[in-house]
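Below are two complexes that have chain A in common, paired first with chain B and then with chain C.
Take a look at the complex of A and B:
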């Protein structure tokens, strides 16, 4: 029997299992995007994953699904959707769950080509919903993979449609077991696909896909920007639930719980790394009311927030004589809080799109109406960070309250109601030496005392018993977390008669060496105290867990101290991608667009300059090296380099075909045939009296046109051809044609 | 030697072919090329149309081949009054058995020489061509298999067409190769003159190949490897004939298959178990030419043949060979 093909060709029978596999992958990719959203599909997602994996691994399973399931599928799914909508009253989550149900059903039967197209659309719906809601870089990767799979499936569908009879439009017999299911397993199918796969074609397909993505990126960069007002409609359709829980009231342990999460909470793009303060305290919420282990924002403090506004920017009051005009862009991850992390007063705060928010100038805080459902980008100009937050009006209010002219406004944390607790607190104040020396001195002493008595631990031990938990802890020597330290300091200050309050947010951040940006993680969540410093006319930050020097306020406020040790871990690499995503894709306005274009141009020009300089330097170096006196060592080195290079070239020329594998165009077999063809073209035909040449040519012919199974040793044959060609009388190149 | 087709089988085939070649050279002088083509036709299991002037050795060639093998030979002189039954055989009534008994005709032989085939009526030609195609004869509802191997040598005169019935194109398609003997070289012709002999019966050749050996040879041809690029080359040639404006039509799919079989057989005759592009190029003219017709016939068959062959040579020169 004749063997006519060196590589098996793609057969129409190879396509249906590939279609089945790609459909399953698309289903899995589609349902996994629901993880990015807050849609409650806790039961449906695992079910869909299990069903999809099961039918992928055992393609016979759909044939065992009773016909009744298919008969009842449509009314049941419709009924589930109606019931879901009626119970939840939220359209989008119901649609997402309906989509997952349909995906499950599509995997319970053998799909026709039309149903595969439906599956692509169903998965795409989930991907788009997740993309709009999350805007995360992970989603971008997800979308790329989904796009590649969907395009592959469309290609397979097109090939099938081209190679077979037109498909009947109608409901396919979903239980009718296709022929491919009865033949072989996945291992054999993968082996077969691998055998028919044309490596060069696959590379070409990949290159086309990359070009497609690159082209889309270029179009994205070059298209004029437009603003989507207040986000897409989906933001309003779906209810977002905060994940980390920075809310208006903080119970003991809540901040520490956030610290357990290593996820990124905030990414900050700074314009000048030198202007990054040494101590970064990202203030988010000020809590001035304390009741039985819970700090809250009092109504009076809430009143300091202005009326709710729908605007794209908020002017601040941060412009001061010592303020450097900085422009920082902050990317706040979804689920962190509706309170924006800010270092202090600012000159101007701008959102990418209009937001509904309230701002408080004396508190230097901004709170959105709702938790942002996706990453929120905002830009802050003229940050002024410092130990003291000016609050000129507070003293007057405080005095009015002391006089009793402003009843009902606590203005700062109230003391625990129990007499015993108050007594213990006063004892503490006495131990600290009373209120003499002013608020700042007291705070320093109190912080030092707390550090001396208690260790730091994320798993604090509050002694059991009656009374206030903070006072109980304070009265012990047990270790505690930041909330206990800061809460104790606030209560002690209050007991001593100083206005004090608790502040929550983040402390510090790591400098990403790849993206040159600050990364603040949930593990940086922190709580500290602010005590009113009458002499400074503002609230002084007191962090009992900070170093005594920082706590005392010694040293400059804005010394660059974050950048010295950039984070170059793999996590930082990934975070830098996230920053790129935020900078150039998500928060890509016209200004960024111009910056990108300029950056590209500058990079291209710099690359050209650098390559030219490098070439010139290399030439100069080579010339200088050549002019240097030659000695045996230099000669040997030059000879070694040239010889090594020539040897490598020779080895490559002789054995390049040996690096190829497989029978395809790019495989070893084709490479040997090409090499043999080249040698046949170089060698003159054998004369009758030259049996040696005839033998070599016969071997080359066998390598070129014979079956691979009967090949002589290619290396030896090419070697003999090479020797033959060097013989006198052989033309430089013989053209057989 | 080959590793693809088992080496002993290839060696055996080479020995058989060498013996046949040497034996035929005893009687056919200076026509080694034609002998190899005939052996190619034999190995491919095809039929050969010998088109040349009378007296150049067509019959001797066929006779030599038949005598060289341990096979039966028969010759049919086609004339206008020859009936199909004269070729295939007839059923005659046997008085003793009281039934019709089939009397096989001359076509029941391994090598059949159909001399001047174009002198018979189309009906008789068709009878022979049916046998060539199916290797069996149907008479009165009974099917009778002819010999195996079965090879027909048909001859016709390319110049004298008076009183002839030219074979239609569909029937020409049945022949694997069309060959021409041509005049021998003077030196060879002198040798022919020197060894002048009487009729064909005077050709004294001993069989050098058994029937089984020939069948094995034919089976081996199918195992000769054809590389993809060589197949593509064949396809390009076939396609070129179909796109050639000088031809009334291109060659058929059967012609493509015939070219492949012939190329495989030529490779085997040359001692190879794989086909070279040269095999294809060398045979294209012999396989395609009689299957093609010029778009504008001149009225002189010899002229038309020359035009077709010239166009085919041009196509062969233009179509790129795999390197």
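Take a look at the complex of A and C:
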């Protein structure tokens, strides 16, 4: 009690600087979320951070801001917003920049209660927008920290107002320097806050935070899930362009540029890891038209896409003969492409929410109308990945052409137009031995020839000169990247009379040993070729940079799967968190709710059964133990248990008062008084010739009845009383005080 | 009062659940209270809480429109904050007890303090940020029987706008400690005054929800007339000793009234050593009050004599001021108001009885003629606004 009384208490004067600090922190937290969005706030963000930090460290600075700034602030900010909106024609980025401007201004003046509340809402807007746009797992941490700081600020505002009505301070007071600004520095303030912080307050704050997290989780899981409308509403207020080169038109070097990025592009959950093939080729775009270093999708190929439709699922044609359909859940990061990465034909594709897309069964491709503004999750059932993509339509046209029934109909877009380039390509075909042996044999020979002539490099050197760049590189011995290899193979195959096309996407991926999922990074971006194989009735994948075994079609690609090699690096740990976030949080839906409820029920039932079985087993063990013959060892064990229990009981009886804390009936003071009363009852009154006993009794009486501030040490007093009671000649129990 | 102060006990304590402690906790009772909250116990959103509610509603619409779990998480956080705020607010008020202790009487037109005693009966968390809303309203004459009704109904039945005020508990109230807040009140009318603790309000902890308790705590007190500033005139007001007529009450005269036990502060000269030696306990002399000429106040409230309410109020003010003036000098022998019989004024409670009578006085029938000890003081109107006090035929005071 005396310690509590001497501890400094939180004073109303301690609160305004704490409010100022929390407001600054909230501003910093809010603007830092813009970092993981694509909103262009290049100048505003550093400006906001600098202003916030400056006024945090030097709270006097706002008093030096001219009154003119406060007068013109809102018209200027609104004007900037209108101009921004007019120039950019995008609502959400303009709103984000407006928000940052308002946050800057809110930090340029001393805030009233109302303005602190505005600041909370402004920061929360940034956090929410960033979370929705990025769907990043850091959003959860960010939101929780922001929520904790915001609630702390609200608590400080409430404490500052006390039980009275809230203060009303207008905008005109923003330059009135508060008294706390003139008193002391941050070091003294922190020292003071630390002094007033007691254990109870810290525990209470921690408990409230834990409750906040637990409650948020509970409410999140319990909120009923159904969708009222289609599509993410953010699509209407922001447009997002894919950063990568996976678009309808790919220039040489664009795919290789993606490989420089180590970020995650795709995370894949497979319900049967054994079904993951060794050679993974995630097809995204097929490009069959080539003009001067640029591959495009020809109008004929575009026509193979079906009509645009708004739906949550798309049936495929990949129904194979497997007895069990493997489900693949793919999480495509934002900014990759609007073309979905697929392994090949599929049985069924489902989105979490309805999307506007076009699908092509012969190409085994799906393209969304817009680049997704946030992470896109979709599930594919029954992938049929293989070396050959069947194309019955093209086969029929090919056969008709071979039979001469359609002599003039072009099967594909033409080769480069320059006669010299055609000549060079023809020479290359001749070197390779012509078209003898069919498409597969030619492709194998061409790939081997390219690998033999050229090395691999992300920084290729294409010889200067006239003509097509791919042909120039082909005729050199310079190293090149995947697009040059694949493009060369396509041109050579066409020159030999075999239909061929370029495919871009991702190759491979690493198996995360922590989350048991597949991670595909942007560095796995790749381009390869597909050549029409008449004998197989479809397009055969040819990767000049792959191992010859895989190209030969003798690997596990064709049939069986291989066990994935797990990645257990630190990066994989972080990725596993991301996968957990995607699996459990982002993909949480009505079905997950039902599964969670069932799982909870099953766990509760199992827990009950286990507890019951454990109790029954314990009883049986105790009964068996009791029936067993007694020996010295068992007697010692039983005695030890009983003795330990008695010892604990004794210790508790003697020192129970010391475990109490705080004032009040249940607090330490009352416990000490009760204990002193017990000892006064046990000790006989002191005789005249026993001053020691009299002194102990006096101390106990002070503990029993005196003010807590003047107490002697309770532990020593009770110890002394215990010693006196053990002394021989101690009379029988006296009446209890 | 500091935390070490002795916690007052006694009756009259009221808490969030009323004066009578209800039976223990049961889940059924808790669920029922959620469906049907106790009367006078409500939670309303504050303006920031309403903004948060609107924000929540917008986010919910967006979340359901987009099936975005990010928005669902945000909604969950906001809803949890609201619920957590409500829970902490409930815990904050749970252990608080209050008791209204108004003064015995107030003076019209003068500042008075209405103390509200607070006690924290909880064990763990301190109480913070609690406001108390008071209301005071004059009780119409003849409505004494209505005091059985709940205070809110009684106040609502009256036509007069009550005087309201709000005080806050500054700082924190730790478990097991006691504090007191005071409402400064200036009554505008004499008579009975009902003081009510209308609401106990708290927006703790986040200021998003305001928890309002409407306790049925009301007490009645009395407002004495405003004391008039007297202008004393006439030679009869001079103090004259009356030989041989000691006053039978304690005072500081030279005559011995009685012996009494020693009290701290008594002068040692007053100790009666012989009696002390005989009885074995310390006894002191108690002198009698000086015998002075006294007055018998007779306040006639005849309606025909005092037709103007303002003048009537002035009469009561003059009478109360004179009564107190005479009492302080030990010269008030008796008091009579209107048709009521006169009573002797011997002690402070008699004076208070006289002032109570003046506080409740209404114009009435003529006053019967009566004799009394001392010189009779009567009152007559002076013009249309003034009042004159007469001692016999001599003007005593004018206002």
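In the analysis below, the second predicted complex is superposed on the first by the 540 of 737 C-alpha atoms of A that agree within 3 Å, B and C clash if a C-alpha of one lies under 4 Å from a C-alpha of the other, contacts with A are read in each partner's own complex, and residues count from 1 in each chain.
In this text, a contact is a pair of C-beta atoms (placed from the backbone, for glycine too) under 8 Å apart; a residue touches a chain by one contact, two chains touch by 3 or more.
Quantities reported herein were computed from a predicted structural model and do not represent experimental measurements.
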| Touching partner for A:16 - first (chain B), second (chain C), both, neither | neither
| In the superposed arrangement, which partner chain does A:316 touch: chain B (first), chain C (second), both, or neither? | neither
| task | Mind working out whether A:710 is in touch with chain B, chain C, both or neither, as first, second, both or neither? | result | first
| query | Among the partners chain B and chain C, which is in contact with a greater number of residues of chain A? | reply | C
| message | Tell me the contact category for A:151 with respect to chain B and chain C: first, second, both or neither. | response | second
| request: Go through the superposed model and pick first if A:673 touches only chain B, second if only chain C, both, or neither. | output: first
| task | Please work out whether A:128 is in contact with chain B alone, chain C alone, both, or neither, and reply first, second, both or neither. | result | second
| Across the two complexes, what residues of chain A are contacted by chain B and by chain C? | 1, 4-5, 707, 709
| query | Which residues of chain A touch chain B in their complex? | reply | 1-6, 673, 677-678, 680-681, 701-702, 704-707, 709-711, 736-737
| field | chain A contact footprint on chain B (complex, rising order) | value | 2-5, 222-231, 264, 272-277, 320-323
| remark: chain C residues touching chain A in their complex are 3-4, 48, 51, 55, 59, 61-62, 64-77, 79-81, 83-84, 88, 120, 122-125, 128-132, 166-172, 174-177, 201-208
| Can you list the chain A residues touching chain C in their complex? | 1, 4-5, 9-10, 117, 121, 124, 128, 131-132, 135, 139-140, 143-144, 147, 151, 154-155, 157-159, 161-166, 204, 208, 211-212, 215-220, 223, 225-229, 231-234, 352-353, 374, 585-589, 662-667, 707-709
